[in-house]
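Next up: some structures, all given as structure tokens.
Note that chain A is present in both complexes that follow, paired respectively with chain B and with chain C.
What follows is the complex of A and B.
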């Protein structure tokens, strides 16, 4: 595919623990095109963060072990070429984390941390001579970095950016800390951002502000972003495309509006139905729980929880990604490769439904409201 | 508990008709089960040498409301607004600093010892995080049996049968009684916590963010379980949550809390259809929704400003004024009262519409103008 910046192909990751070998990621395919925001959506323990860490090269190995697959960034194979990985993650990628208090040091003021990121970024290690040189510092350099930091904080709409540089993280509110984290991620002008649940710890009103800022920055600088979240509402606000992940497998990929208009994979459908909406709430949920990775289900990993599971097929044959319509793939035996989108939508509506006999029809809540 | 389903569980009566406004007025004509008047809970914060100067965090500051039998009353608000403290104070886990708390017609604010223990049979709590509210060293069966032991309910054999019955009620296999909490998933653990809460047949259950720690596919199941139990057992709920979409679907009435006080109290439908308080507007417009026609149910986009202020140092006047998009000059001078604008719909704002507006504003000191400031943050 042309224009793809990040290409993850058939990535499998396992973890060795005392309980045995956990086969967490199972052949993950993921593409982020230039200037595109892709949301990776899934529930707790589905492997979202493991995917992000593999891309960022921060997967702890051991216990983690990349058993197969490749990660290509701008053509360079990152897993095969460690030097390229170091260079790419230093110069071109940045990551925004969920909980700023864990990633900001409590003992340094914000300004000093930002200066460190700006000075040492891209380097694997620094010699004593370099550190000494930086400590004594060229005044001009330091001023320049400080100016840049102020400008970035100002862009993140932090009131009193000068003063904030001299404050410690504990003196800032949750939303302000998250803004600082984003500013730090942007200080070296990356091309590619990985945001791992950056708004999950925040209140809705603050979450909205952060999402707006992030979107603004991404558009302004034409960044590409992989946005990881468990919240489909947030994914809908920020992403161009959405990948739905379940138990270490990408089950469905499509343009944001397509996924919400006509979800195909039974898991996506269940997830969407489980969310309480302003128009009503069916409360059906999905039976069961995420499988044990030491002994994942054979065939499709979702089949034990799937309402449309076909005996003899879903529990035996491994699923492949089928292209349905344009720009849409779904990993489910209900569909066939190259199928028309309309046909697929009809199958989804017929087969992949969660409503039991005792459940109320979906439209009822809406009717009562309007 | 579900206000929007066509056949809401009308636990107070046997009727299965849709709850109309009239219906609710009738409900409310009865005596409230829980009645809170001017409730305050202040935490002392000592600072300075030898703890001389003491200031207070007013976590709950003069809250009044009633909860009627069979109803779900929800408290929503952002983190740090005092909703959990309110829940724990209403459950009598904390003693109130001031105000009165009436349960079933009896003043329970000052109860102690045996009488307080007797009250605990009627009032139970389900906490947010089941991993920390269940003792990891006890078996599920013992955890659920503990309240029965404490309150000395039935014989040993009866208690054992009751545990099995409770496990069935929360849709867990009876064999789970022999397991430890760490062998259960988050959703299953929360079911155990619910079973423990209903073990002694309480009338009133405080649900403190019961599903916040769970994934959505599991949350849906737990919510419908709570709904069924309310039907079956005629429970009354105080639901504490930050998730407005959830609250909209399960609560009969909602109180929107900000810095220790209610900003708006209304019927669930009225609150979403016609939010009167600017804070409610901001909260509603910030909900990330997943369906395009949900968008039309939100107030038009309001730019949300700033964050919750330090509760130790609340702003003067209306607590929300520094973030408000409808701020007057007068807003930082006077603290508005919570007034009833429509039957059952209360709001705390100088912008109160209709005939009550003058009443709200007459308390203003001289020389305070009503020039509307523009919507941007001035400082």
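What follows is the complex of A and C.
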């Protein structure tokens, strides 16, 4: 880890819809260091994918609107410099998508799509002549690209990689398609990878295979990765650091083991306690839902659902991020400057419980779904 | 199921369709009121002469027997005698069909090569000015009756500007192209007859444009809507995320997928073109099959009627078979077993 590769600072994104303006992201800060895997964890609808799309420059605008903030990749300000963004997203960043069923074109063999990603990414323009040649299947470096594709598919442990290139997506299973998608994302040898819930649409055994393959590839090439998931168990397996996101805000950041050993934010505690355990599940989950973005709660966005919320503070004052210890920040009024950290953690542990009356004392850190 | 099996299945299914069509047309032509023998011989002919012609034409036999005899003749290329031209209908059709085929095919090609890009541009710029302009243009095309559009084009391009001839199929050129296929453009090319080719093309342009307007609008509209639907799909977002040029995404990925629904419209429109070619053939004095067919209907020339309709029907079946073949090419899922999405 030599320094930050991706640096998202104070990113705010709004969406205009018929119901009004949705302030979806509210000052997101996110850092991914070189060679590091960061998991972005949160409920469905908390803004994880919007963050990913903003970074990849595929946020539909309108209705989306980046109202403030900056995204720096290796020093280049991507939001200010569109050309740099195009170049970076083609050559250095890549993305793996959620649903392998819909992210491959159904009308071309998978090899054709891989070849196009290999040839054209990087925001290059294609002349009519080039497109015509492409449609007729003429390609200058066809053999080289094919070789590279075969090698990648082989690395993804796809049986008969040569034949797979000529198959249509309908002929492949979900797990195979996801392997193809990962291979496609790796074909231009990116330095930075965003994985947007790549295992969500797959069943659990396939999920683990894909996760293992992905981790191998990342370690082998020393990639940096932002791994988006709603599954803390998956995050624990793959990530060096975890960012917990709630309603468009990052509420807690910390090293994976720290998050699981000693969750600080009441929301993180709630998430961890919502994981069913072999010894029986006594939690009640976190009451309520992600708030409506047209009129987000004042103060801390989590306060209506927070068992440790302090009236007069949490519902009024906007919450800031407080650094506690190394590599660790938490956005909660309990940890305000001036508060004693030990006291605050004790209050959180005491009050932020999501269990029935006569439950066992909180025992965080026994997470994971495997 | 492989692509070949799919093709064989589609190909074989056109045979019963053609047979059904022939039964229907043949029966209809014989049950509609009117006395063809009397009409052919005129009011002064004696009853005996009329009866004799009826016998000769087999009109006194049961319909099924007439049908079997007709189909037996059809297999040998005999479509029966025409009452007007007093020639075999097959001979007439060989003379007239190529002209209509040339006209409708060129019209369809124009419609496709203008309509599809119009639809794509409209789809790419949904609700912006290119979309509105394209939709307005399509709207005009649909609303213009072909005879009126044809006359307007004649007035403007042929008479006012004098750029192109207004009527006929070919001008005075020597040597005239030798008839091999009957399609003048092809014949003159085969004979390397430049002058004839230019003249034939000049005569063809205006009627072909006139005829292409309505299907062009249909194609543009269909392409636009399926393009817009397809443009929202996840894999398009995926390609964009990888930084693939928009033009490649639009014309390679999205268009190929959305062209499948356009193809269906093209198949249907081709049948419609064969029908509406009549008006255009009249306006441009085009010696085609449509005017021959209408004449046949007015004169109750049964064999000519059945012949024309069968040829139109067979072309329609053929075009739709080609559409099915292409459909399988554009969207391989059509012939793949298993899941559809």
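By definition in this document, the second predicted complex is superposed on the first by the 333 of 370 C-alpha atoms of A that agree within 3 Å, B and C clash if a C-alpha of one lies under 4 Å from a C-alpha of the other, contacts with A are read in each partner's own complex, and residues count from 1 in each chain.
The criterion applied here is as follows: contacts are C-beta pairs under 8 Å (C-beta built on N, C-alpha and C of every residue); 3 or more make two chains touch, one makes a residue touch a chain.
As the structure is a computational prediction, the values presented were derived from the model and not from experiment.
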What does the overlay on chain A give for chain B and chain C, a clash or a fit? fit
Applying the touch criterion given at the start, work out whether A:236 contacts chain B, chain C, both or neither, answering first, second, both or neither. first
With the two structures laid over each other on chain A, which partner does A:208 touch: chain B (first), chain C (second), both, or neither? first
Please indicate which partner A:308 is in contact with in the superposed arrangement: first for chain B, second for chain C, both, or neither. neither
With the two complexes superposed on chain A, say which partner A:28 touches: chain B (first), chain C (second), both, or neither. neither
After the fit on chain A, how big is the angle at chain A between chain B and chain C, using C-alpha centres and going to the nearest 10 degrees? 80
Is A:108 in contact with chain B, with chain C, with both, or with neither (first, second, both, neither)? second
Taking the superposition as given, does A:40 touch the first partner, chain B, the second, chain C, both, or neither? neither
After lining up the shared chain so the two structures overlap, which partner does A:324 touch, if you call chain B first and chain C second: first, second, both or neither? neither
Is A:173 contacted by the first partner chain B, the second partner chain C, both or neither? first
Partner contacting more residues of chain A (chain B vs chain C): B
Please give the nearest C-alpha separation between chain B and chain C in the three-chain superposition, to the whole Å. 8
In the complex with chain B, residue positions of chain A that touch it: 43-44, 159, 173-176, 203-209, 230-234, 236-237, 260, 270-287, 289, 360, 364-369
Which part of chain A faces chain C closely enough to touch in the complex? 56, 58, 86, 89-90, 94-95, 97, 99, 101-108, 113, 116-117, 120-126, 128, 131, 134-135, 168, 170-171, 181, 184-185
Which part of chain B faces chain A closely enough to touch in the complex? 2, 4-7, 18, 78-79, 185-187, 215-221, 223-224, 227, 242-246, 248-250, 269, 272, 282-283, 285-294, 297-298, 304, 307-308, 379
For chain C, which residues are in contact with chain A within the complex? 233-235, 237-245, 247-248, 251-253, 256-257, 330-333, 336, 338-339, 341
